[in-house]
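Have a look at the structure below before the remarks.
Per-chain numbering from 1; labels A, B and C assigned in written order.
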Amino acid sequence: MFETSKSFLVIRICTILFIVIGIVLFLGSRHIGLVFLGAACVLWLIGEVLENGKKHLIEVLKSGFKTIRLPLAGIFLAFFIGGIFLLITGYQPLKSFGAMIYGGLVKNWHVSILNAVPLIFTALSITIAFKGGLFNIGAEGQYYVGTMAATWLGIRFDLPSLVAIPLIFIIAGGCGAAYNAIPAILKVKTGAHEVVTTMMFAYIARTISSLFIRFNGGDPTLSAHAYITDSISESTWLPTFKSFLPQANYRLHIGILIAVITALAVHHILHRTRLGFEIRAVGLNSFAARTQGIAVGRIILITMLLAGLLAAFAGVTQVLGLDHKMFENINAGYGWNGIAVALLAGTSSIAVVFCALFWGALDAGGQYMSRTLQTPTSIVEIVKGLILFLILARYLFRYFRRKA
Amino acid sequence: MWYAILILLILRKLIVAQTVLETLGISKSFAKIKANQNINIKLYEGEIISILGENGAGKSTLMNILYGLYRPDEGRILLNGAEFEASSPREAITKGLGMVHQHFMLVETLSVTQNIILGEEPRSWFGINYRKAREDIINLSKRYHLKIDPDEIIANLTVGLQQRVEILKALYRKARILILDEPTSVLTPQEIEDFFSIVKNLRDQGTSVIIITHKLEEIRAISDRVYILRKGRITGEFITRDVSVVDLANHMVGRDVILQVNRTNHETLDEICFRIDDLKVMNNRGIPAVDGLSLYVKPGEIVGIAGVDGNGQEELSEAVIGTRRIQDGAIHLRDQSIKHWSIENRIENGIGYVPADRQKDGLILPFSIAENVLLGNQNARSMIRYGHINRSAIRNRATKLISRFSIVAGGPDLPANYLSGGNQQKLILAREFDREPDFLLVSQPTRGLDVGAIEYIHNQLITMRDRNVGILLISMELEEIFSLADRILVIFRGRILKEFEREEATMNDVGFYMTGGTHRNSSNV
Amino acid sequence: MNVFIELLNAEFLIASVRLATPIILASIGATICDRSGIVNIGMEGMMLMGAFFAAWAAWKFANPWFGVLVGMLAGGLFALFHAWATVSLHLNHVVSGAVINILGFGITRYLLELFFGHPGTSEIIPHSLAEYRFAIPLLSRIPLLGPVLFNRTPIVYMMYVVVILFVWITRKTRLGLHIKAAGEHPIVLETLGISVKKIRYIAVILSGILCGLGGAYLSIENGNSFSEGMTAGRGFIALGANIAGGWTVVGSLIASFFFGMVDALALRIQVLGVFRVPSEIFLIFPYVAALLAVAGLVRKSRAPRALGEDFQIERSGT
C-alpha cells in the first residue's frame, strides 16, 4: 500500500517537473518546451489511471469536456457579436480580430503572459474564497497592500536575491492576509457581509496607496498624484528568462512559473488535503459542516487569510517582476478582472491559469490591433463583457432545458 | 316547541344539505409512484370531514390537487355541482376554497391585518385603506368568535393565534370550504380545545371543513365523517359516531398499529453511558426551550423521547451535539462532563448523531458518497494523514458501507443528491455506525421515508442497541417510539414530564402526557 | 474646540447634503431591492451607467434635464439585466451583481472612447443642473435649515421627493406590502395568487432607476462631466448604509446622511489643514465609517428572511 502511494507521488512530482521545464523552455523561445508539456499531459493521465482507475479518468475527461463546451461556444459567440459591432461602426472585423489574435498569441505573446501573471493570483484568491462560500470582491485592496509591502521592502532590502525575494513574498503575502483578516473577523464575529467590508477595505487601500507613493520617492509637494516611487534594489528583482535563456524576451520574468505552481498548489490544497475538504464543506453546507465537527469560523478565517495572501502575491510579482517600482495606477483593475477570470474558470483553480492567459491575450492583442489598424482598444472591453455575459450561457442553457 | 324547531332544522339540513365539493376518480402519479388513485370524496354543506392517513399516504397530493397547485392525471372535481379545474391557487380562492397549510403561510414581520388582506387589499386614493381592512377584520372575528388583535405582529403571536389568523385569512376571502392540513400538530392541548370549538362554530355558520390528519383522537372529537387514505387509495368511509379508534387505526395502517421490528430482548448493562442533568437551553428567540431537563441512557438500551413537535426536542439535540449553547445544567458522557467540549471532541469521544434534517445537517449533498463518509472523520488516521486525504482509503470505506448497509447507489463517487431519501438516511446511519459510537442520538430517523426503509432503519437501530450502544431516540411518531424504545420519556415544554417502562406504557397514557397531562380531552376514546 | 466650531457650520451641513444625495438615492434603491429578496451589489455599475448616459445626453442635446431622464432610464435598463439574471435565470445574486459591476466599468469606458473619442473624462457639458439652483420661498428663510435644505439644486429636491415617495410606497401601498412579503416569505404570495417574479422585477428595476438618478447627480449636477470610475465606491457605501439602516427607507436615509457628513468632514479638514498629517488620509473616512456602521449595526437589525435566496415553485413535482 505504501509502495504504490509512493509511486503516485513520484509520478505527480515528475508531472509538475515536466510542466515547469516545458514552460521554461517554451518561454525561452525554444519550441522543444512543447514536447515537455505534452509529456506532462501523458504523465498526468497515467497518474490518474493508476490512482483512481480508468473509469474514473473517463468520467473526469467527460465532465471536463462538458464544462468546457459551453464557455467555448460563448467565447466564439462573443467574438461574433463583437464583429458585428465593429462592422456597424465601420471597421473591418475579420482583419481586426486577425490582428488581435496575431498580436495576442504570436507577435506579443509575452505581453499576454505578463498580463496573465497577476490575474492568475487574484483569480485564485477569488476562487479559493468562492470554494469556502465567500466572495472576496475586494481582492484589489489586498493586491494594493501586497504591492505596497513589496515596494517598501524592495527599496530597503540589501540582501542577496535568494534571501530577499522569498522573504518579500512571505512578508508581503502576510500583509495581504493580515489585511483580509479584519473583514474575516468581522464576518465571523458580527456577521458583517464580506462583500461590503472587503470592498471598503479595497477603497481604503487604494486611497492609502497614493500617500504611500508620495512618501516613498514620489514628490511630496504634489498633493493629488505623485506618480512613481523609487525603484526597488536590483537584488530583489525576479530573475528573467533572458538571464539563463538568451533568446527569451527581456521583460519575461519567472512570475508566470510561480503563478502556475501556485495554481497547482491551490488545486492540491482544495482537493487533496483536510484543509481543502473543510473549506469546500463549509462553502457547500456550513450547517452540516458544523454538525460534523468542522470549526466553521476558523475555516472562514483561514480561507480569507489564504485569499488575502494570494491576492497580495499578485502585487508582489508585479513589483518584483515587471515594474520594479510602484505607479499611481487608478484603474489597475486586477481585482475586477480577477473576478471575471474566476467566474470564467468556474471555480476550478487549474482552469484559472488558462482563463487568465486568455484574458491577458485579449488585452495584448487589443493593443496590437489598435496600434496597427487604429481599431479602438475598447472593443476588447466589449468582447470581455460579452464573454462574461455568455458565461451565464451555462445557466441559460440549464434554464431553458428545465423549462422544456 | 323547541323540539319541533330542532327537528325542523335537522330535517331542513337533511333535505337541503347540498354537495359542495365532490371528486370523481382522481388519480395522480409522480414518476413511478401513484400518489392518488381513483379518489372519490363528497363534502356536504356545513359538514366537517376528516381525511385520515399515514405519512406518505397521499394526503398532501390530494390537498394540492384540490387547491389548484397540481393538476390531476385523471378524474374531475365538482364544486357546487359545476366542473372545477383550478390551475392556480388564485382560482381556487375565488371559487371559495380556503386552505390552512401545516406550515403557516404567514409573513412573520407583518401585522395580522397585513397578512389577512395580502393580495385582497381594500384601496383608497392614498394606497391601502387600513382603516377599512381593520374594521372588516374586527367584524369577521366577531362573527366567527375568533378573537384577535389586528395590529399585532405575527412573530409575537402564539402558534394557536397564528392558526387563527390563517383561518381568518381564508374567511376574509369568503371561503365556503376550508381545508386544514394537520391543524393540531403544533398546538398545545388548550389550543386544541379552542381550535375544536372554532371549527364547530364555523360549521354551524355553514362553512364546510376538510381536516387532513394522521391523528386518530381528533377525528373522534371533531369530524362528522371520516375517509381513510392508504397508499393513495380510499380504503374506508365512516360516520365517526359509529366507529372505534381501533378500527380506524387498523384501516389506516392496514395491519397492527405497532410496526413489525425484529426486536429481541436485550439485557442493558447496569451503568450509565450518557446523562443530562437539569439542562437549560434557549431557542433562537432567547426563550428557554429546554428547561430543567434530566435523563440518562444506559449502554444497550434505546430511550425514546415522545412529544409534540416544538417542545424542545430540536434544541435538546443541538445542545447534545454542541451546535447550541448550553445555558445551565450538565451533560456527561460516561463520567466526563462534555459541556465545554467542541463538536469535534464530542464526535471523537463517541457521540454519534443522526440529525432530524438529513439534507441540511447530515449530508453535504453535492459531495460524493465517499466525501460524505469522510465528513466528521477528519481526525481519523486511516483516512487523513499529515493533512492529506487518502482518496483510495475513503473510497474503499464508502464501497464497503454501501454494500453493508445495502445503499442503492452507482458507486462511491456518486454525489449524495442523486440518492433517494431513504438511501441518504442509510448513508448517514452507515457513517455514524461505522464510527462505533458509545452513545447515539437519533432524531426523527424515518421522517418521510417509505415502509421498507423504515423497517430497515429500525432493525439497524436494534442491532446497534444489541452491541451495547446507548441510543436516545427523538421522534414525533408514537408508533416508532413504541416499536423501538426500552424506556419512554415524555417531553413537554422542555422537560421530561413522565417516564414509562416499555412494558407498562400504553399509547393512550403516553399521548395523554404528551399534551401536558392535565386534561383528558382526547384520550377518553 | 475651536476647530469643531469651525467645522460644524451651515457650510458644512450644505456640503453634507451635497455629498449625501447620491448615497441616499442609491441606498433607498438598495433597500427596495433587498426587501424584495434580491441582493443588489451591482449598484456601483448601475450608478456608473446612470452617470455616463446622463452626461452624454446632457452634452449631446445640451439639456441637463434630458440627461436626468436618460440617466434614470439607463440605470433602470441595466437593472433589468440583474432582475432577469437573478429572477428568471436563477443566477446567484452576488455573482450577477459582480458581473453588473464589471460590465458597468467596461461599457462606460468603451462608450466614453466611442462617443467622446478619448478615454478618461468626457467633454464638459454645456449646462449643468447646478445652474438651476433655486430657493423655495419662505422655507429657505428658516434659519440654518433654510439654506441647508431649501436652497438647492434640482436633484436634491428630487431626492426629497424620492424619500417621501418611497416611505409612502413601503408603508401604505400594495406594492410595498407585496415587496416586503416577497423578501420575507415568497411562497405566501404564490399561495395567494400573486407573482413573486413580477414583484421582484419591479423592485430591482426601481432600484436601478434610483441608482441611475444618483449617478446622474454625480455627473451633471455635482460635477459637469463624466470620468471613469467616478462613483468611487458610492454604490457599495450605499449598500452599507442600507444594512446599517436596518433595511428601511428612513434608516437608509439617516445612515447615508451620516456618511455624507463624514465625507464633508474629511473635505473640510483637508481644506482647513488642521492636522499635521497628509490630507488624503481623511479620504478614507467615509469607507471606514461605512465599515464600522455595517460591522456594528448588522447584528441589531434583521435582514429580510428570504434575502439572496432563489425562489422557484415546483408545481410538477416530478
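Going forward, contacts are C-beta pairs under 8 Å (C-beta built on N, C-alpha and C of every residue); 3 or more make two chains touch, one makes a residue touch a chain.
Every value quoted in this text rests on a predicted model; they were computed, and no experiment measured them.
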{"item": "Chain-level touch network, classified as line, ring, star, complete or other", "value": "complete"}
{"item": "Pair with more cross-chain C-beta pairs in contact, given A-C and A-B", "value": "A-C"}
{"item": "Interchain centroid distance [CA atoms averaged], subunit B/subunit C, Å", "value": "45"}
{"item": "Separation of mean Cα positions, subunit C and subunit A [Å, integer]", "value": "32"}
{"item": "Where subunit A and subunit B are represented by their mean Cα positions, the distance between them in whole Å", "value": "50"}
{"item": "Subunit A contact footprint on subunit C (complex, rising order)", "value": "41, 85, 88-91, 94-95, 98-99, 101-103, 105-107, 109-110, 113-114, 119, 228-229, 232-233, 236-237, 239-240, 243, 278-281, 283-284, 287-288, 290-291, 294-296, 298-299"}
{"item": "Of subunit B, residues touching subunit A in the complex", "value": "321, 323, 342-348, 353, 355, 360-367, 371, 374-376, 378, 384, 387-392, 413"}
{"item": "Residues on subunit C engaged by subunit B in the complex (per definition of touch)", "value": "168, 172-174, 177-178, 180-181, 184-185, 187-194, 302, 305, 315, 317-318"}
{"item": "Residues of subunit A that touch subunit B when the two form their complex", "value": "5, 51-52, 56, 59, 272-275, 277-278, 280-281, 284-285, 287-295"}
{"item": "Complex interface listing, subunit B residues touching subunit C", "value": "30-31, 61, 69-70, 88-91, 93, 99, 101, 105-110, 114, 118-121, 123, 126-128, 130"}
